[in-house]
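The two complexes that follow have subunit A in common; it is paired with subunit B in the first and with subunit C in the second.
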Partner chain A sequence: MMDGRATLRVPAPSRAPAARPRHASTDLAALGEPYLWTLGGCLALGIAMVAGLLLLVFWNGALTFWPQPIAVLELAGGERLAGVETRGGTYRPRPDVVAALPPTAQAVVAQNRGLVERTLYRTGNFDLYGDDFRWVSSFQIAGIQYPTDMLFVERLEWGVFIGRLRSFQVGAGEPVQAAVSDAAFQAAHAVARARAQSIRAIERHEIGRINNTLERERLGARRVAFDHGEGSGEHQAALARLASLTSRLEQDYAGLAREVERLKAMDAQDRARFADVGGREKEMPLSQIVRLYAANDLNAVQQVAIYLARWWEFVSDEPREANTEGGVWPAIFGTLAMTLLMVVVVAPFGVVTALYLREYAKQGRLVSIVRISVNNLAGVPSIVYGVFGLGFFAYFLGGSIDQLFFPERLPSPTFGTGGLLWSSLTLALLTVPVVIVATEEAIAAVPRSMREGSLACGASKWQTIRHIVLPRAMPGIMTGIILAMARGASEVAPLMLVGVVKLAPELPIDGTFPYLHPERSFMHLGFHIYDVGFQSRNSEAGKPMVFVTTLLLITLITAMTATAIVVRARLSRKFAGSQF
Partner chain B sequence: MTVVTSHRSPEVAGTAYHPAAGGHGIAVEIDKFNLWYGKSQALFDVSLAIEKRMVTALIGPSGCGKSTLLRALNRMNDLIDGVRITGKIAIGPQDILDRGTDVIQLRKRMGMVFQKPNPFPMSIFDNVVYPLRVDGVRDRRLLVETCEQALKSAALWEEAKDRLYESALSLSGGQQQRLCIARAIAGNPEILLMDEPCSALDPMATSRIEELIDGLKADYTIVIVTHNMQQAARVSNNTAFMYLGRLIEYGDTDGIFTNPTEAQTLAYVTGRFG
Partner chain C sequence: MGRLILPAATTIVCGILALAAANAQQVDPKLASYQTVSGVSGNLKSIGSDTLNNLMTLWAEGFQQRYSNVKIEIEGKGSSTAPPALIAGTAQFGPMSRPMKAAETDQFEKKFGYKPMAVRGAIDALAVFVHKDNPIQCLTLQQVDAVFSKTRKGGVDKDVTNWSQLGLTETFADKPISLYGRNSASGTYGYFKEVALFNGDYKDSVKEQPGSSTVVQGVASDKFAIGYSGIGYKTADVRTVPIAAKAGATCHDASEEATYSGDYPLARLLYIYVNINPNQKIDPLRGEFIKFVYSKQGQAATLKDGYFPITAPIASQDLKELGLAN
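After this line comes the complex of A and B, so read on.
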């Protein structure tokens, strides 16, 4: 024990340790070189793998829309075949096939040790051939030409047609011989396309609006029946109103239907006649043709124009042909809307939770348990979140909302099924641990001296958090949000349970009241990849789409992340400077 | 633990030593203050009276509890888990250790300068007027005036007046420390607490801050912790020497440095230890 009057102890100088012989040079392990090399090697491997994957996706995705030449093959049997070279490979033909070959070809096969090269051609003309693709072995090919009049015709149905234009006719006129480049043909095509679009506009929007109004009024009448009783005065009045409205709308509808009828009749008259490479003819309405070009007769400008037009169609149009053709606009929109909604939910929720855990909760066992649980949540398989989201959000919450607010629509669910809102909430739940952990770390990293400085100025705890802690932690918090966003945007499995569908013609935002429809199911690029690549009738036709869609998804996520990073940089600059 | 009242003063053990009359009265009266960090006691029965508008220096070897005592005055120790206290610290009639004390109001009456400059990551202007802002002042003219005055008192105005809206982090270490002093006095506190304000500074900046303290003592009660004997001798009116959590000796600075009553004080101030 210390006696207050004891003299101060002055530490005695310690003696130096005995001298020890020195190594001539520092040994390798001490320098850590081998570890450094291992680390560097692992890093390089990882980077190479990621870069390879990106390159593959980028290369395949970027090339898909480039117009390729059409080869016309002279086959050994005298048959002709026209198609676009897709990819090559080697295979080992059956012995009897080889035996039936002419001796020169047999010699080549023998030289290649029984292997034969073959090429996959995209022949199109599914309606004529029953297939889109055909493998051609090298020994079958007698000659290849690239005739300039071969056309690549993209159609609304049946996929691609490859062949020559014979003639076209407009209205009741006679068929006229023509080439694609003729102004008359191009004008007729443009007119037919415009007409088809106006037919679609009438069907989609005007008739759609009538149907919507009718549906709303019908539900309104049912609602009155719910509120005031079946057969009550109000209900009778509502029914009468509904009846008069129905008859008026039906007249409108009949008028529109007549207009559509008229346009369709005109449409059916404008036709073009094509022939495949073997001379088989195929007639089709001009309006069915999305785009046609002479693939072997394009200059660079035309190629670029077609390339860009296809990209534009891809990002702005709706899908057709079981998603293997057309665009992915609804999927882009769905992915964006869902991710943004998720961020809007997850950011405040995660930050507030982390603030509470770190700043306000008493640091004890309970908080530790909560923290461990949150960390573990990040490891739960995402499909489990999907099941939870379906059960809790869609069935329980959505079901209750339907009971309360939309009883007139039951038994068909409004919120009581998967949809954009529930998907966003499910993903928010999935990604909230990331935000919480990042925010907690960012808050903990704010130096104690800063908090004390603020408190010593007479700031309250909340003022200190608001003006000192949060701004300092903001870049870290943003990093967490960015990670959460990237994770959420690329997640597919849980979405399949809570609202993503193969085809959703109606976007969650549109011109019909109330304009925002968070209960609607939606399309998602990630699910689109799965659907096109693995669920479609024609996987070979879908393959390029898989690459393009992947490319698009990666681009989209990168763009969103980059935006967030820019915002983060601006925030941290702003908070480094003046604030309040 | 043998509790020994180790400060030897003309009065009975337990009563605070009151320095020579003729001052401006007592600003803070600390009475038998004990503090524990968890189980280990850091301050033992400290009693001392701090005079109004005087500079009181706390000296003593590292770890003797100077910072702890200083931080007790604006209750910064509340932020540390497991701190337990007994005793009394009175400012006028009010015991600030009372549960009912409004700590935020208390801290507004005190300015604190820390050992290491800790400017906030905002502009110089926002740093200086921070105490006013958190107090709810929104009047721009008042803020600008206060900022100028505080910076002038902290001898930083000439260097900072053209860059008020630049980040405070762009200032040099010495300038940052003067900025923190400006911030501490901007809220117009009664008492200024300084914990080794010059330990991170070069001799030039140190002497500027010492001049500053000299100028400030006309208006403020200043408590300064320092390791620098010359500094304590130069700037302070009264000096308290602490050792191992106890107040050993307290008196006017001249007396402590030229003619201490305690052997330990003598050993410390003559540099045989510390």
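After this line comes the complex of A and C, so read on.
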């Protein structure tokens, strides 16, 4: 929102006349100085708050991916604990807890007037411990070390593992002791990762193609049954075709499945054995390891490399582990596609409405009522648009489309449920008042003399609008569209009703016919923030992801708005050149 | 366990009792390992419980790893959203953190002529959370009722509004209890009302939260708070309070052992409801998904999400009822 607002053409505040004579006898209030200062102070406060919020998001978001050192704590009871320091605080332990402490520790607590520091460590290893964060009070800690062989292992499943590498084995070979920096280990890891990717490629693309074809043919046969009747000649023929196709594709599938089996068997053999700080061992396939590094043994270049690799993973990968890890690519794509589709709908619709209202409609009571209604539309809570979108677009329009065009897929709805198209249309409705109002203002600002000049030269009304009014009004119209875009991209509430989901791994545009799938549900960065922040299992681990995703959303909206502003500047320049 | 009024739930817990000896944090080894088959593709949509939201996502991710052409969309805004979605056909799966009510089953039956089938996918111990510095050792269900309910059907005659009444001293003395709970669309809300509030009504002062995780975050940031949520959402900033079924009974923490043995009074099953016509064979897409949920790999996901896996007898009983047993 903020970005959009910043682009408004606010008339520059009229500057006070220079060096106004000031009489000591004049009352300050009469001069208006206190009001001026109050207004200025309020503005400064507002700007400071916005800047502070942005700074907070930026700071937290930008730091999340930086590799942090792993501390190994020696606890008073002799237990050892390894973890990454997350945050700290002070608290007042209960008297019985303090009483049970050794005298030296008691003295320290007493010195701090009963307050004790504690730190939250991210210990990882959820599969071994059943939790992944632990609070440690300062009096529990007997010693802290930062051993260079402690590894931070990011895995495909179960979250982070913190521990040491014991050994690894490739194929049927014997386990080999290794350090993480050994070339042999790194090569084995790279091979395993590449193999896992090729398994995924076969499963996703080749087997996927077979399954898609089968599904399409099965639906096709059902369609024939709908059109020509069950058991009719055409239906029999379609079923026969389906059967022959099925048997042929089953063979292809069997071949691919064998190949996948073979690769998976190889994959299962390449394993690494790790041990946590207490010596408990954990074996995992090498392909399960996304990234591992000795967190206490990194130089600056390696740190930057890990930082950048994590960012890249975040913006280009799919989410894992119920959205708390991996990337947000589907959400970025969903946000962009939804916003662009919305602009495509809202721009012509808003501009045409405004043109008619301003240029053609007879100005009278009716037009005033319409104008007031449009202005009021902008004040309707966005969730109301969501309810309307769900009821009208998804259930009524979409349901009718399904009945007419996709009867073979019922009862599973195609368009009869939330999707990208319905979301875009709902947001278009939500933002259309902004465009209408901005366009009307822009059109009204075109000087009357120019229209009259055009008409006097013999141009028709439409020609005047097309060649004189619209080009002059274009920058104003663009401003409206930019505002609409910023509003639309940051809106989440109505989307939750009309098509945004927690997990939609399939993008609305892909390589399967018909390439554009506006009926699909999609993921959205705004909803992703809500989901990770308030719905994920471990809200502690989710918190940094919330900041990163917010940072990304702000960046994305800024980028989209900036693009539109550049376009607007081009248009203004072009128009400025053609002035009389 | 007398509090689990629903017969289905009672049978389950008996089934669990038989296998209480299962290893800690381990999936029942008798569960079948999942075998990938061919020809599975299509779209699935799940609408329902927020408690099951992450678990459904984990299952969907696991299933999609095996069938890359299956698209599963997941929406979780509360258990009460599941029956309408199943009836309207907008979803194929309706995860619910409570059993369907009779009225919901009737509506479904009116439309389709048969009852919806329930997949018992995981076991949850509904936990009562307090701030990590809160020293409270035990609460009886009746005390919980007096804290959360204005009707107090549990039989405590005095309203409990501050921590002193629960025996806390020092910093907690005379501090008012701040209540966090779920919104009424949630199955957790319904289950807690039924079991912990003895079907009484919640106090108006309960701060209703839109998600299970929000409850935990609320409790984590409010030192004098108490709230209820699925055990899977526990963080390092909150503690679970051990619960006793009645005054004088032993307190049990929401541990795996106490949940399986039935000693923990707030244990419950998590369901996925499906529309299966008993006269037809289930389509391979949904059938395979259900089989995956009951498999070793599927149940490992329950551990990953902080819940407890179901046992082999439940799985085989359900698979038989759903017509999926081999």
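Everything that follows uses one rule, which is that the second predicted complex is superposed on the first by the 548 of 580 C-alpha atoms of A that agree within 3 Å, B and C clash if a C-alpha of one lies under 4 Å from a C-alpha of the other, contacts with A are read in each partner's own complex, and residues count from 1 in each chain.
Operating definition for what follows: a contact is a pair of C-beta atoms (placed from the backbone, for glycine too) under 8 Å apart; a residue touches a chain by one contact, two chains touch by 3 or more.
Nothing here was measured: the structure is a model prediction, and the numbers come from that model.
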First (subunit B), second (subunit C), both or neither: which does A:E452 touch?
-> first
Could you tell me if A:E203 is touching subunit B, subunit C, both of them or neither one (first, second, both, neither)?
-> second
If you count the residues of subunit A that each partner touches, which comes out higher, subunit B or subunit C?
-> C
Partner chain in contact with A:R472 - subunit B first, subunit C second, else both or neither = first
Classify the contacts of A:A187 with the two partner chains as first (subunit B alone), second (subunit C alone), both, or neither.
-> neither
With the two structures laid over each other on chain A, which partner does A:Q463 touch: subunit B (first), subunit C (second), both, or neither?
-> first
Subunit C touches which residues of subunit A in the complex?
-> 91-92, 94-95, 120, 126-127, 130-131, 133-135, 157-158, 200, 203-204, 207-208, 211-212, 214-215, 246, 250, 253-254, 257, 320-323, 410-413, 416-417, 496, 501-506, 520-521, 534-540, 542
Contacting residues of subunit A [partner subunit B, same complex] = 1-5, 7-8, 10, 363, 447, 449-460, 463, 467-468, 471-472, 575-580
Provide the residue numbers of subunit C that touch subunit A in the complex, in ascending order.
-> 25, 36, 38-43, 45, 50, 53-55, 57-58, 60-61, 64-69, 71-77, 89-90, 92, 132-133, 135, 170-171, 210-214, 216-217, 220, 232-237, 303-306
Within the complex, which stretch of subunit B touches subunit A?
-> 1-2, 4-6, 61, 74, 76, 79, 81, 104-105, 107-108, 110-112, 114, 116, 118-123, 125-126, 130-131, 133-135, 165-167, 169, 180, 183-184, 187, 243-244, 246, 248, 263-264, 267-268, 272-273
